[in-house]
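Notes follow once the structure below has been shown.
Labels for the chains are A, B, C, D and E, by order of writing; each one numbers its residues from 1.
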Amino acid sequence: MTDSTTIAPSNSLKMLRAMAGIGVLCGLLIVLTYEGTLPRIELLRAQALEEAIFKVVPGITQMQAYTYKNNAFVPAEETDLDVVYAGYDSEGAFKGIAIVATGQGYADVIKIIYGYDPEKEQVVGFYVLESKETPGLGDKIEKDPTFLENFKGLDVTLNADKTALKNQVITVKKGTKTNAWEVDGISGATISSRAIGEILKQSTSEWVPLIYQNKTAFKSRGNE
Amino acid sequence: MLTIKKHTFKHGVHPPENKEETNRLPIRQFSFAPLIILPVSQHIGKPSKVIVREGQEVIRGQKLAESDGFLSVPLHSPATGIIRKIANVPTLSGKMTTGIYLEPFPSSTQEILEGNPIDLETATPEEILLGIQQAGIVGLGGAAFPTHAKLKIPEGKHCDTLIINGIECEPYLTTDHRVMLEQPDDIFMGIKYLMKATGAKRTIIGIEANKKDAAEFLAGKLDGKDPVSVEVVPVKYPQGAEKMLITAILGKEVPSGGLPIDVNVVVVNVATTAEIGRLLPHGRGIQERVITITGPGVKKKGNYLIPIGTPLRYVLEEVGVEESISEVYMGGPMMGVAVGNLDISIVKGTSGIVVFNEKQVHKSAQVYPCIKCGACVDACPLSLNPSKLGILAKFESYDKMAEEYHLMDCFECGSCSFVCPSHIPLVQYFRLSKSIIRKRKSA
Amino acid sequence: MNKEITKATTLSSTDEFIKGLWKENPVFVQVLGMCPVLAVSNTAINALAMGLATAFVLIMSNSLVSLLRNFIPKEVRIASYILIIATFVTMIDYAIQAISVELHKNLGAFISLIVVNCLILSRAEAFASKNTLGKSIMDALGMGLGFTLGLVSLGLVREILGSGAVFGIPILPENFQEWVIMILPAGGFFTLAAWLLVFNLYKQKRNAL
Amino acid sequence: MNQESFSQIFINACLVNNFVLAYFLGICPFLGVSGKIDTAGKMGGAVTFVMLISSMCAYGIHAFLEAIDAPFLQLISYIVVIASTVQLVEMFVKKMSPALFQALGIFLPLITTNCAILGLALFQTNKGYDFFQSVTYAFGAGTGFTLALLLMAGLREQLDFAEVPKVIRGTVLTLVAAGILSLAFMGFSGLGSN
Amino acid sequence: MLKQTLHISTSPHLVKGSSVEVIMRNVVWAMLPTAAFSVYAFGWNAALVLITSTLSCVLTEHVLCRLSGKRSTVSDWSAIITGLLLGLTLPPIFPLWMTFLGGVIAISVGKFLFGGLGYNVFNPALVGRAVLQGAFPVAITTWYDGFAADRFSSINSSLLAAPFMKPVVDGVSGATPLSAFKFDGVITDTADLAFGFVSGSAGETSAILILLGGIYLVTRNFMNWRIPVSILLTVFVLSGIFYWIDPSKYPSPLFMLFSGGLMLGAVFMATDMVASPITKWGVVLYGAIIGTFIVVIRIWGGLPEGVMYAILLGNAISPHIDRLIRYRVYGTSLKSS
């Protein structure tokens, strides 16, 4: 941001020197901080993710990220974007898959993670990663125990030829849940609870058939 | 030819008319007051120059004051009598001006002095204009603008239509109504002079539908060959304002800041026209005029022919007023001015006197803030925004009023104040703002 | 808005410190850097963290600018200031991430937006570039704490009414009815308006005396 | 990758999550330049324009930083690029329309330090928008900003002529009106979700 | 002898006769049938809500006037309108302390801060309600079925929640026609809507009585009929078009017209002249904008009802409408003005 007055050559040398000096100094400071904090930040992030995964697939102690490439699930590299996480218990037995999904809520985008157990053909756990829903109202999707109860065993059985869900997930009015694939809504936060149902519906119809068909790929950690 | 119109100008209001009490009463002559007081400034323009002395005896019709320049007219004596005093007198506006105190001789014949008659056939337009000026004629429609000045067509313009204003839209007043019924010949004579003076090719007499009798009467006098017609327009205030009348009759709009002549029209009031027709053939000067005296506070309501200069107090004592009178207006209740001092005189521009007693004046005085109801916006015949103007005036934002909201176009008709449920004295604000702006401009 | 608050610098260091807290308080008096003030003051803890982060950047950049004030040519001073500020903001951004991912999530993009908080640039320009290191630090401390004070005042009101808590600790009865609006954007506007009104009334009263 | 449609992005950025009234970005110009409708409109136009340009720049920079794996330079490069862009726009406006330059006064340079612009760049990166989504987002945010500014200016022009108690006049009243406007904009919530 | 002391007033010396106070008083009369019906339908609950909101508005106006050293302006009846309307827009079992707070906010924030009668740029009653809806979104969407058997014998516990405490709702809460439509796809019978045999805000249920009140005001020339007509027509036409395209997905235009707060809003709230445009065509545009917002919010928005938000947005747009739509001043060409 220079003044538009013409600048004498000797002056511009000085300017260049100053800018370069400051640039180097700043670069140095930033890189140092970045390098210094990076390990801890990555650790914290990984911990947070791990915690979430452990929450939604009960009984696991280890996990492995997979990505779907060339019609098969393969262990994910760092750069892969579309990943799911397989969870294993302390004996290394496969217990289920954690999937991240997003969708528009009442206020902004909601980001959730849920666990899918291909054996039970159920959603077995649910956790909200990010949401700006109204505190005291929309944020019941994170806290309301009766609402969370829905996801201890939400039916996502596949149809006969295993290509699609038999019944899509749907949110119904509070107290009117009659089927295992329905989500009992929250009164006063109908919009948020419906958004969760919608996100789950989208995500499960995309992932569940794929995972189910390829469930053998996860049997052992990292396809060993 | 009589045309009845359905359409008129946009907006406007319908105040109660209250004309029935006087519109059937014929014009009656008023007696001379024991002392007549004539201010020299009865018109817009320069006051006339006094040419008589104290103690001088004068004859009815004799010039008492001379015109002083083009925008000025002479003043004639309304009675034969003696000049008692020349001194300052109060006027309606509250300012003092020079006045001539005339004591009429009760016994004399009160014959009128003849001047130089203007012959319709031979006179040139200039001679007619001079004759009108010498007769002391000013607009009797209320503005009291010297008529000859108005009739002088500016260079490069021409007049093709003369409109005779018989609208009389003010409630209560029936002056023009009676003039039309009782002085048709004077009116037609006046029209002839006016057409010659202005070069107009046709004349339209505009009359509101509440005076159909007058319209039919005048139309009946036309022989069909005259370039004169009578048009009846629906009743609406302020149809009498010349801009509105032109729009109602011709469908044209006078440009903002312009005059009727910009659309090739001249508007003259019927009473003015009648006066021209009555005075010019004899070369006389104006000595008296028809005035409606009415209102709930008046005992002998009526239309009176009253000598110019008669003190208001004398007029009211003659017609009798009630104990409880509270307000007296010169002019009608919509545009007239409330009188603070009964010692002023009747002047040429006085078209009516309306007296209200306490009951009518009891208009709940509580002023509320503007609630933006829009009534004023839909009343203003010029489509101004009085609501905004009123708020701006309150915050003394005069420049914005003039530049963005056309304040200077407002002709103070009062329609906005009339409808305002918050009783905001809008017109008063506008008058004040206009005068401040004018002062700033001239400074 | 960028009010020049260059006084003849005859004030002592303590005065430099005090003025930011009260007489020239950035939030209530100068009304500077309102975006973070409104956006992250929905709880007291967010407000405090944001205030301290801003104070940190303010102190560091004021110091550096003051140190380099004779080295930076006039023509490129704003550019240099922005570079310097952006550097410290990036640093604090990573530092907060390293402390707590949760906190970083709550403060959202507003940590990065400290870069454009005009309070910092205006102190660099109006004060640090003309004063000694010591005074610049005192000025930054005062302004930084004053800013934090303003943020926390808003945060406290919004948190108490909006969640019945102070720094996350519930202080009101169990069945207190939260005023959700306080946490919403509208609540931010209203609370700031109320604080400014209180200040105006106070000033009016003092002037009347 | 983000799946949102263009109309969804636009409506969300413009109405539902209006930068000024819901995200509190660009409050300073919102409070400072909303006194007159004319200036507000021009300011809105200028901000929208700068937003469009910086959104494109930010997209490029982000791609570049990804390529050289230097995410820590994101903030510093965004701010430098935005500052230079504004500088260019300023010079351009000064040359092309001195009257407009006059009207915007000190506010054009201040767009540099307007967090709405930087916020836009950061948000579009966080949301993982592709190029066209980014531009739509910028256009929506700019339109929303202009809308908020214009509405506020209309109200303030009216309030200049109101009998407002002296202690309330100015910033306090503007903030209260902004709060009510923000409440009114809550009516749009959920609009962009299908 | 003639009296010497004459009044001097400036012209015009006639006034039309209506005054702000008369207009406001008549608006109150016009709302009374609606208020009475809400008491009939919801019992003492609604009566208490209406009384509290009115009292709180009147009290706030009085106290604020006194505090600022002005003459009290409660006698102009406008605070009563604000209070009654606020009450009519609240659920009939809305806690009284919240109702009271709403009244205080409506008058202090919505009206007094902006300069009092005539200067408020937003509809004060709606400012009160918008703040309440923002602050207590649960309580304000807790509905109560009308015509409960015990409505004249008991008072809902929610109403009597202690100040600043959460209400405890007893009995079942009913869904409003609009939320039933939005969340469950259920359409309520139009006759029930028109006559008010549905659940909803205290005053929004009987469309017919509201219309009658409006017609009374229009015939007495106290209300600008263009505003409600323009809003209702816009809603009818727009929703009619969608209904015609896909009747299974979109609600019928009649349902749209008679459900929710549309009638109350269009007839009594959008017509608040203070916050609406001033010209004839201006108000038509204003109504069309409000109507469009209502349809958009109801059909695509997250919330079941949008009348309040639509009117507040309309209020915010009115200064612009007044700028854009002005009458051509007599004797000027359109361009020069």
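The definition used in the following text is that a contact is a pair of C-beta atoms (placed from the backbone, for glycine too) under 8 Å apart; a residue touches a chain by one contact, two chains touch by 3 or more.
Here the structure is a predicted model, which means the values were calculated and not measured.
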For chain B and chain E, chains touching each: D
Steps needed, at minimum, to go from chain C to chain D via contacts: 1
Chain pair showing more contacts of the two, A-D and B-D: A-D
Core chain by centroid distance, with centroids computed from Cα atoms only: E
Farthest chain relative to chain E (centres taken as mean CA coordinates): B
Maximum centroid distance from chain A, chain identifier (CA atoms): B
Distance between the centres, which are taken as Cα means, of chain E and chain A, whole angstrom: 44
Between chain A and chain B, centroid-to-centroid distance (C-alpha), Å: 86
Centre-to-centre distance between chain E and chain D (centres being mean Cα positions), rounded to whole Å: 33
Inter-centroid spacing, chain C versus chain B (mean Cα positions, whole Å): 71
Residues of chain A whose C-beta touches two or more other chains: 1, 26, 30, 33-34, 106, 134, 136-137, 191
Residues of chain B engaged with two or more neighbouring chains: 369
Numbers and ranges of chain E residues touching at least 2 other chains: 109, 115-116, 119, 131, 134, 137, 302-303
Contact pairs between chains, per stated definition: A-C, A-D, A-E, B-D, B-E, C-D, C-E, D-E
Parts of chain C lying in touch with chain A, wherever the complex brings them together: 68, 71-76, 78-80, 82-84, 86-88, 90-91, 94-95, 97-98, 100-101, 105, 162-163, 178, 180, 183-184
Chain B-touching residues of chain E, taken from the complex the two chains share: 2-4, 6-16, 18-23, 76, 115-119, 224, 273-276, 278-280, 283, 326-332, 337
Residues of chain E touching chain D in the complex: 68, 109-110, 113-116, 119, 121-122, 127, 130-131, 133-134, 293, 296-297, 300-303, 306, 308-310, 312-313, 316-320, 323
Complex contacts: residues of chain D adjacent to chain E: 37, 150-151, 154-155, 157-159, 162-165, 168, 172-173, 176-177, 180-181, 183-191, 193-194
List of chain A residues in touch with chain C within their complex: 1-3, 5, 7, 11, 14-15, 18-19, 21-23, 25-26, 29-30, 33-34, 36-38, 40-41, 44-45, 48, 130, 134-137
